[in-house]
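Chain lettering (A, B and C) follows the sequence in which the chains are written, and residue indices restart at 1 in each chain.
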């Protein structure tokens, strides 16, 4: 470690109003964010109305954010803009709403109507809220989406998660073999590559529930499999701790630096 | 000719079938099942086609069209999320059930954010009306703070849970505990100051036993995903029917 | 209760106090630590470093505010390296919360490097659909993203005129808080053979090591540690922010390990004491 340096403590909280620049929306935003963060942290003491208040706002703004973003980036961009893609954007920009509708009707032959099929399908998801008799229509977009997703998932999973992984496992042995030929062979590399192969087989065997894991081979390999899985979970736990602590450090940094101005860099 | 007919059959055929099923209730579930079958099989077989022939190119054109429809439909499912939220919370406020105040706040936050979102999602404030950049300010002030804080809480609870529950009761728990401690110390510089074995062991754990376990799990999950996908395409499993058979 | 029994049941508020001290003190007493660069981070840096001038790199911002402290430093260092090497940059987001980062971080760094929007970098914004977008980008980016984040048709943007799909990109990077790298490997790398690497939160990092070994992923930045190593490689120094965060991280990890070891010590001593008491009772 290098020598410790003591930072001179300052106190410059975010300003909502200053005589020179007047009202600061950014300053107000920081104060609101800080207070809401403290409301959330109050849960550490116990569940309380301040936490519930912050939580309710969170649910509302999360979905509201999605609405705004999807409206512009999903519907406007992928439906409307695609429909009018053959028309001149400069002309469209200068037209007001009714003029725009009139222009679109006049140029109906230049419009791309395919996105409307998806728009209609997507709007069918609303059918349970509108009428119980036609609520079954909501299954159509979901059937399309799930069929589409399942169809693309089969080759992707087979290629990336099975064939490529099998190749990677055997490739590791060919790397060791190549090192034998070029004189860089290391017995430990061969040993650890065998450990890796054993681990993969043992893990797969452990998760295979169609046959009973008994006897010294069946039961033993399954036991070995659970040991490898435990090592994997231990590594995952170590990483998860790191991730969560990083988030907490990020929040503390916001409170100490942006809100209270106790640290400056 | 056949290649051109297939996607047209899927779209026009099923549009007609849907209209017919509107008048014949017993046929209704078959509309969804056959859409899933046709689209699923089309997307699966497309993987094996080439764009080096005119037929292959046409096949690919419809593959892209289905992708674009999937993009639009996944965006529109937000309507469902909003609809469900409105249904639950409006009912709570209407009937003045316990916690109706929090529901009112949720609805207020939802409407405010949605309204400003539709009005504009600009970043820069100069030269545009205030209601076109308010959405971004609301996101920065509310979403960022609340989202980060919610997850930051987990650090405390994780530490407390690890301290209480992490005991080396048997071989499996001991392995998990030992690995977690080695990785936790190996992934921070202070571990290297204690002993250089921590970062070395951490790298070894990640590249060999952890890799083996993750690969085994990955392959198992992939096999399960393939089986489930096949079941959905073939109509053996019908999650899109929402509980109806 | 015996002393060693109490070791297992220390009040969690005492643990919280120790954690809070470990978190806050390094902000006021920062200390520098030696950064050991791991192989996956070196590979990540080398993959970008080996690209020729004018090569096109696409970065997908698939994370939200909850992953901001870990991934934003990676994003900044990455774009810094890309602009230093005069590479072209395209950013977009498949998570709605990633959209602001995909726009603001490149714009901030572009100002520092005098890069021109539309010529040196483009921000395409967010698109819902994830897998659908990944697949469609492999066929035609212009139909996956008809407009950029500013509302301009991307066919009118100079940088995007010759970029139709993955085969026109030199490298694809995913900054992810979830399992999006799995989707990219399955739907982009295997199908369209685009070179790919990822910067991920530490929660997901352990899951992606198989992809490193099969070279489906060229490099990996795992969590804040990965961010600090990579930032050090790009800028030859760590920013004050990352230094202080790593210092807090080190102390918190140390305290957690100590408490876990204390709890286990109490468990084993209690177990041994009970065993001895039982044996004495029988004797």
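Keep in mind that, in the parts below, a contact is a pair of C-beta atoms (placed from the backbone, for glycine too) under 8 Å apart; a residue touches a chain by one contact, two chains touch by 3 or more.
Please read all numbers here as calculations on a predicted model, not as lab measurements.
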Middle chain, criterion being Cα centroid separation: A
Furthest chain, CA centroid comparison against chain B: C
Chain pair with the higher count of C-beta pairs in contact (A-B, B-C): A-B
Intercentroid distance (Cα basis), chain C paired with chain A, Å: 12
Geometric centre distance via CA averages, chain C-chain B, whole Å: 19
Centre-of-Cα separation between chain B and chain A, whole angstrom: 8
Where chain A touches two or more other chains, by residue: 1, 44, 65-66, 69-70, 73-74, 78, 82, 148-149, 152-153, 155, 157, 160-161, 165, 168, 232, 235, 239-242, 244-245, 247-248, 250-251
Junction residues of chain B, two or more chains touched: 47, 67-68, 70-71, 74-75, 78, 139-140, 143-145, 147-148, 150-151, 155-156, 159, 162, 177, 181, 184, 187-188, 193, 206, 210-211, 214-215, 218
Where chain C touches two or more other chains, by residue: 16, 33, 66, 68-69, 97, 127-128, 131-132, 135, 143, 191, 202, 206-207, 210, 213, 223, 225, 249, 252-253, 256
Chain B to chain C touching residues, read off their complex: 47, 60, 63-64, 67-68, 70-71, 74-75, 78, 123, 136, 139-140, 143-145, 147-148, 150-151, 155-156, 159-160, 162-164, 166-168, 177, 181, 184-185, 187-193, 199, 203, 206-207, 210-211, 214-215, 218
Complex contacts: residues of chain A adjacent to chain C: 1-2, 4-7, 9, 44, 65-66, 69-70, 73-74, 77-78, 81-82, 85, 89, 148-149, 152-153, 155-157, 159-161, 164-165, 167-168, 171-172, 232, 235-236, 239-253, 256, 262-263, 265
Chain C residues within the chain A interface of the complex: 16, 23-24, 27-33, 66-70, 96-97, 99, 125-128, 131-132, 135, 143, 145-147, 153, 156, 182, 185-187, 189-191, 201-203, 205-207, 210, 213-216, 222-225, 240-241, 244-245, 248-249, 252-253, 256
Chain B-touching residues of chain A, taken from the complex the two chains share: 1, 25, 29, 32-34, 36-37, 40-41, 43-44, 52-75, 78-79, 82, 114-115, 117-119, 121-123, 125-126, 129, 134, 136-155, 157-158, 160-162, 165, 168-169, 192, 195-204, 206-207, 225-235, 237-242, 244-245, 247-248, 250-251, 254
Interfacial residue positions of chain C with respect to chain B in the complex: 8, 10, 12, 15-16, 19, 33-36, 38-39, 64-66, 68-69, 97, 100, 103-104, 127-133, 135-136, 139-140, 143-144, 191, 202, 206-207, 209-210, 213, 223, 225, 246, 249-254, 256-257, 259-264, 267-268
